[in-house]
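As written, the chain order gives the labels A, B, C, D and E, with residue 1 at the start of each chain.
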Amino acid sequence: MSEPTTTTPNGAATGSQDLADPAQRRALMADVVQEPGSSKPDPILTVDRIQRHFGGVTAVDVSHLEVQRGLITALIGPNGAGKTTFFNLITGFDRPASGKGAHWSFNGAKLDRTSAPKVAKAGMVRTFQLTKALSRMTVIDNMLLGAKDQSGESLAKAMFKPLWRDQEAAVLVKAEELLDRFKLLEKKDDYAGSLSGGQRKLLEMARALMTDPTMIMLDEPMAGVNPALTQSLLGHIQTLRDEGMTVLFVEHDMHVVQHISDWIVVMAEGRVVAEGPADTVMANPAVIDAYLGAHHDTDLGDDDLLSDEVISELHHEADEDEARRAREEGH
Amino acid sequence: MVGVLLGMLLAPLLALGLGAGAAHASVPTLCLAQAGQTACVSGTVGNRTNPVEGADVVLRDEAGTEVDSLTTAADGKYSFQVTEAGDYFLFIDPESLPDDVEIIPPAPRFQAEDGSIRVPVKLGRTTAPDLEVRSVDYDADGASFGEQIIQSVAQGLRLGLLLALASVGLSLIYGTTGLSSFSHAEQVTLGGMVAYGLINVGGLNLWLGIVLTTVICGATGYIQDRLMWQPLRRRGLGLTQMMIVTIGLALAAQYAFQFFVGASQQKVLVRTFDVVEIGPVRMTDMSFVAMGVALVAIGVVGFVLLRTRIGQATRAVSDNPALAAASGIDVDRIIRLVWIAATALAGLGGVFYALVVSNGIRWDTGMQILLLLFAAVTLGGLGTAFGAFVGAIIIGLVVELAGPLGAPGDLKYAVALVILILLLMVRPQGLLGRAVRVG
Amino acid sequence: GSEDSEPEATDNESSSESTDSAAPADDEFTNDECPNGSTSDDSFKAGGILPLTGNLAFLGPPEVAGVGMAVSDINAAGGVNGADACHQIEDSGDTTDLSISTASARKLIQDKASVVIGAASSSVSLNFVDRLTAAKITQVSPANTAVDLSGYSDFYFRTAPPDGIQGNALGSLISSDGFQKVAFIVFSDTYGTGLRDVVQETIEAGGGECTYGCKGDGDEFPAGQTTFSSEVSAATNSNPDAIVILAFDETKAIVPELASTGWDMSATYFSDGNTADFSEDFEAGTLTGAQGTIPGADAAQDFKDRLVAWNEYAFNDGLTDFAYAAESYDATILAALAAYKGGATDSVTVQKNFAAVSGATGGEECTSYADCTAMLDEGNEIRYVGPSGIGPIDEENDPSSAFVGIYTYNENNKNELTTTVEGQKQS
Amino acid sequence: MNTETTPSPAAVPGAGQTPVVEAKDLVAGYLPGVNILNGCSLTAYPGEMIGIIGPNGAGKSTLLKAMFGLVKVHSGTVHLGERDITNMAANQLVQMGVGFVPQSNNVFPSLSIQENLRMGLFLRPKKLRERLDAMWDLFPNLHDRKDRSAGALSGGERQSLAMARALMMEPSVLLLDEPSAGLSPVRQDETFIRTRQINKTGVCVVMVEQNARRCLQVCDRGYVLDQGRDAYTGGGRELANDPKVIELYLGTLAKEVGKE
Amino acid sequence: MNEFLGILDAVVGEAISPDTAAVAIAVIGLNIHFGFTGLLNIGQAGYMLLGAYGMAISITYDIPLALAVLIGLVVSVLFSLILGLPTLKLRGDYLAIVTISAAEIIRYTGRLAAFEDFTGGSQGIFGKNYQGPFMDLSFFGDGSFELLPLSYRDAGGGDVVRVLGLLVAIAAIVGIVIIGKRMKAADGEAPKIGTSATPKLILAALGVVLFLALFFSFPQSEPRTSVDGWWVRVVAWSLVGISCIIVFLLVRSPWGRLLRGIREDEEAMRSLGKNVFAIKMQALIIGGMFGALGGMVYVLTGSVQADSMGRQLTFFAYTALLLGGAATIFGPVLGSVLFFSARILVREMSGAYVPNSIMSNQQTEQFSYVVVGVALVLLVIFRPQGILGNKRELRFHV
């Protein structure tokens, strides 16, 4: 599936390097300025001046953001930073504040006023942080629904099985493969409503992958998934990336972020506050301060940590920005 | 031959109706026309409510010959029997009329040159001449448009408040359990029925009866929840299934009412209430009482819902019963309270509805307003009790105002529903409902 | 069935009874429900599709009693050609659930009824009339007054006068009371609007006018409505001289509403649907002076007494309403006489002779089943005139004439007969 | 009603004492005939902090729910101290001092934050002021939004609120189902430390976690659940280094990254 | 024996009556709305009324039958569009109230005096004004029919034959139900039916046996053209069969899967790129067309009356649907048959066995409806998933 390597300098328009190669990826992003809103060699998603307010709270206020094609980009930021709202906006599940000149495009096509299904059809598929399993359908049916362009889904052809039998069989094979990888094959004939919290996350992700997206947007895909499985799934996601898929994901597990992301975007208070490769971003004092915390890599088992200072310190770190926001809200 | 027979048959009837046929002046109330033989010209100078006594009435035939004449008695009636078909002319001597009344000219087709009224007569028929006698200060216009509107608004508020009593409960049940209870309307009927039994049949004092009815209706809520809804919830019965259960209950209740009370309308209280006039508004004193009670009852419920933790607990239960239990809330108890409150309110509403709006109670009284109740609940935003109140008031106003504002009478409910649909298009979550977050 | 069986004895005996005794004793009655499986092959089977449930259910008891007592009288007079008469009453429900009347009709077809008495509501009749006609079962409605049912089918008869007759009488009554401007509070049903149209025409023909609820205005209220404040205000606001209320049980809700506007009740008119005894429903004096019409001669008091007694005997239950009882009684008797005349109890025979025994072909008048059968035995043409007092059945299977009683309410809200007029069917 | 949290007599938990909570051989499930727990046992001694880890669908949440009376226990017993609380209604358990934070659906979306907390203290309305102030101290981010409806909160904010709600009643036993899921790293750390702190006041904590590294760091003992059974138990650190546990469950991601 | 036979006759008569078939068709439509797609349409009676009006009015204007039926269907499609365009975006509960309101508005409008020339106003349209063209199509000849030794008229005569016939019929029904269940059990999942051909063949055979048994046990006086005759029955039940097949073909397809997906979670479907609105609209239209078709059949044997297709009928339809089992293929049919015949059964039983001294005719009748209501409640309580429904589905409320 991977495209042949054509060495365009910076790969501006085509971006057709072999992104399976970590070195190439690093090289690709090497020239990119590490500051919020920097331009990428071959952006698949470009967002401009997008804002969303909820009764005085500015949930999202992104003036410019580009997401590089073919890479895994992580979107991190404190709770309530606006990550999910940002996802909602660009996938058509929410509408940005009007009159701000909001504009965004995906794969060259304008998306400003496009409805959610159209966005998905265009190849940008998202998952939900709070999972949405189709409870009274089996796991496999959940999966089959994901597949795109099924001719049997058109009312005109639905009644005539020969018209869609073959496609259905192909889709089924693919679904079972994915389920197997997500450790859900055993559950394939169970109702999705009977899955455990983590299993629902898995199903949500697997179902989104059924659509063969050009770009997949995962909202905390690994929250609640057990570490061993997380690890193997990350491998899968990397393979998909290597096959050309673009990934944008929100995640709070820094190991996951560090492990697979090629690029990290940090959001806080609705704004993009930093961008860059993992090591640089995670070393950024502001990020550590507001997001990671000083004890990020320490062992919490130590009872010394239970001193009030540590707590208040932690507390302070996390609350600083929130307190600021609260003050802003007050006005 | 047939005529004779008829005559024979009529004799006893005539005797019954006409009583003592004494002097010429006191004619029978109705002259009896016999097929093919006679015809009658009869009518009233003035009218039945305002008859003119002492008017001289003359009937002439086409040739102008007087057929008969008489002077009206206290009931203003006159009646002539003729034996031939054709045009006759009725003449009233204006001199014989009192000064404060005048004769309005008849329709052109009945006008004759000499000021008399043409009366086309067919055999076997009774014809009433087009004689219109009115007092000179007669005003053809009724109440002014503004007054009509104000009166309708008052009636709309009355209807709305009483609907609100029921719809708030419906909304509470929906809000806490998610159940659309189609038998709620029968709870309203039940209120009226129990009150009928206690007050009309049992002879209880009105106020005592109302209180007792409310209590009994509340008890039905308790029993229902105890025996049915709670076990069903325990078994995890789906909401649609429960909805069907309410449909079954409604069916059973309706026929039980028919079984025990009969199919005709019954009065809660056989009494005509005094009419109170406040400006252009004219309503019975009981209507004002009903509105007051409704307001107070809804106020109390509103207070409980908004200001007490029980009220918040109902919302918590509706959001997430398992979590509510995990917070120490006795979910079953809260739901039972809601059922009791809802059925008691519906019962109270039923009594007053029967007292002042429908002037009686019938097995299908509730069923007739079921849709209005649902419309009210939806209009205000599903599951918000205050919304149901506002919705009910709006529905009440729309129903009462539709007529005066020009909608044909048989569409007044339809108008209320059209408004509902239009509103939902503009504001899908209802007036007071909140939009929910996606993702 | 054989025609020559023991007519004399029973006839004389019962004829003397039914004509002479004003308050008959209980033991004269029987309640002859059809045994299961009986058909018109072996008995005169008077089926009924009457409103036992639904929004006309209050009309059920008098109609059932009318049919039941007629059957009782027929059997007392020796049955029909020797065969026993029996009744089988099924429910008609109302228009909101037509499956009830459909099922009842199906059952009576299967059970081969000799005649089906019913339904009360014209709309319900329309639902199954085709079915009965197709099965060649004679239907006689005691209460349908819709004009459109005139001549609907060969197998459809009625003993209630079509609206024209009553409407005319009511309209004339209003005009001759001196009222010119009339408002109507009418319910939206074949019956209500049909009657309203005729009353309005009659009044307008006499130079009067309609101020509210007129034909084509769409001010009718749907059947079963419970709130009438807006209709009543609209009617009084149109400043009429008189108000006509054409409704059923809803009247109990309309009257207090009207009273609360200060309306003078003596300018209020009712029709057969609601001219009833309201003494239990309103405070004394509420209705004083209001008038109403009921088609049918005055169901004489002794007829009512007998009905009450029969109902007491059969169901242990009092009877308070009498609307359409006489018509139901006559419908049953006429059907039985038709069977008697034709010498068989099947429905086609009933259909063939129904008009004849009502006097359509001339004949001598008789007033009870016993008398009439006696005359038939002598080979005479008869004209049965029963308590409803309708004229012979005409070529449209309607009563050609009927009496219309005019009633006035006294201080106790009880309707008293003041006079009776005979109305002719108009063409 | 056990209103005061009893300070534990011994800092080091262990055998010989009466367990605070004890689940024995639980068999439980959602559907008749399908058992999710197949003889699962768990013991928590006074003052202990217990971590439960295991693959997705192992039955961890089910175990907590079964102990809390939200899933029907078919056989086996649950004891709270001396008392048998098997299949007892959840609201009664709250009264007896058990607090529970579910994995999902753990706030009342249509209630405001403050009302959510008020519901948490449903059984003891008198102490509302005091406890609210305590919670505002602990979770200032909630205080700022206290009149906002919980349904509008972000995933992490919800999680904080869920925790706060459970703490309102000052429970003596706290059952937490993935309390750190969806929280930012610093908040996760805070949550773990805070929980540890609460635990130090004598509250017995049983928590299910997927953030196993952190969980096993702070917990006294851990259970690994697999297919409805407790497969392994042991001290937190022991388990974290047990190769079988690592293979079956922990994975090597955290370590790898750490090495990088 | 006589009594029993009478009751049995009445019950079976109701069970196989064209009206029951008509309601079954409407319920099949409702099943598409509610059972499969989760659209809470409480206005199915409105669709029926529209279909009935569409067909009947067209015929009174001398439009040929086929075209008239088409007009009825087109009217229902238009109604779906008008109703759906603004409301399908609303949350489920709101759709419910909008549909029931719209149905009531249709009913009020239909009985409006102003439209009397078309709809007959409150009186409705007489059956004989529009039934002709349909009855003329009958190929039942003079109504006598012979199948080897059995002649249609004779067989109907003897009680023994009828009892036998009914027994055979009941056996056939039991057989069908059992095989149906087996096939489903073997299949595991809800609407997929049978993989091997044998059970299907047996099913078909049983169906034929059932039809013949009923046919010979139910003599009609005017089999050819009467409104209660076999012609109407056969057409009505054939339509039921065709409807079932269509629904089966539709819901086992990926399109049917879309419907169920929407029933569960619209947002999730949108995130997968499905045009939820369009699919809901398709479902609304198709279910509505079945509703309209049901309405047409419903009035074939009576008259078109606005009030007869009101809320009550919708409630009955829902009852039948849940009784039979929502989201199943045969549930609607079974539910309708059971609901209507059970009603008759209760009525007849109480009519036959409650003496007059305890309750008058009238009270018996009323009492029997109380029993029907209570029975309905009990049935739902003890078999909430309906007769054919899938209990597992009930566990997860959405």
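Just so we're on the same page, a contact is a pair of C-beta atoms (placed from the backbone, for glycine too) under 8 Å apart; a residue touches a chain by one contact, two chains touch by 3 or more.
Small disclaimer: the values here were computed from a predicted structure and weren't measured.
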Target chain D, source chain C, minimum contact steps: 2
Most centrally placed chain - per-chain CA mean versus overall CA mean: E
Between the pairs B-C and C-E, the one where more C-beta pairs touch: B-C
Separation of chain C from chain E, taking each centre as the mean of its C-alpha atoms, in whole Å: 36
Distance between chain centroids, defined by C-alpha means - chain A, chain B (Å): 62
Whole-Å separation of chain centres (CA-atom averages), chain B against chain D: 60
Interchain centroid distance [CA atoms averaged], chain A/chain D, Å: 29
Residue numbers of chain D (touch at least two other chains): 30-31, 152
Where chain C touches two or more other chains, by residue: 53, 57, 60, 188, 217-218, 220, 222
Set of chain A residues in contact with two or more other chains: 84-85, 93, 128-130, 194
Residue numbers on chain A that touch chain D, as the complex places them: 54, 76-85, 129-131, 183, 187, 194-199, 202, 220, 223-231, 234, 252-256, 258-259, 290-293, 295-297, 299-301, 303, 305-306, 310-311, 314-315, 317-319, 322-323, 325-326, 329
Parts of chain D lying in touch with chain B, wherever the complex brings them together: 68, 70, 89-91, 94-95, 100, 102, 105-111, 115, 118-120, 122-123, 125, 149, 151-152, 165-166, 169
Complex interface listing, chain B residues touching chain D: 309, 312-313, 315-316, 318-320, 322-331, 434, 436-437
Contacting residues of chain C [partner chain E, same complex]: 31, 33, 35-37, 52-53, 57, 60-61, 64, 89, 91, 94-99, 102-103, 106-107, 109-111, 122-123, 126-131, 134-136, 146, 148, 152-153, 188-190, 192-193, 215-218, 220, 222-223, 314-317
Sites on chain D touched by chain A in the complex: 30-31, 53-62, 103-104, 140-141, 144-145, 152-157, 159-160, 178, 181-190, 192-194, 196-197, 200, 210-214, 217-218, 236-237, 247-254, 256-258, 260
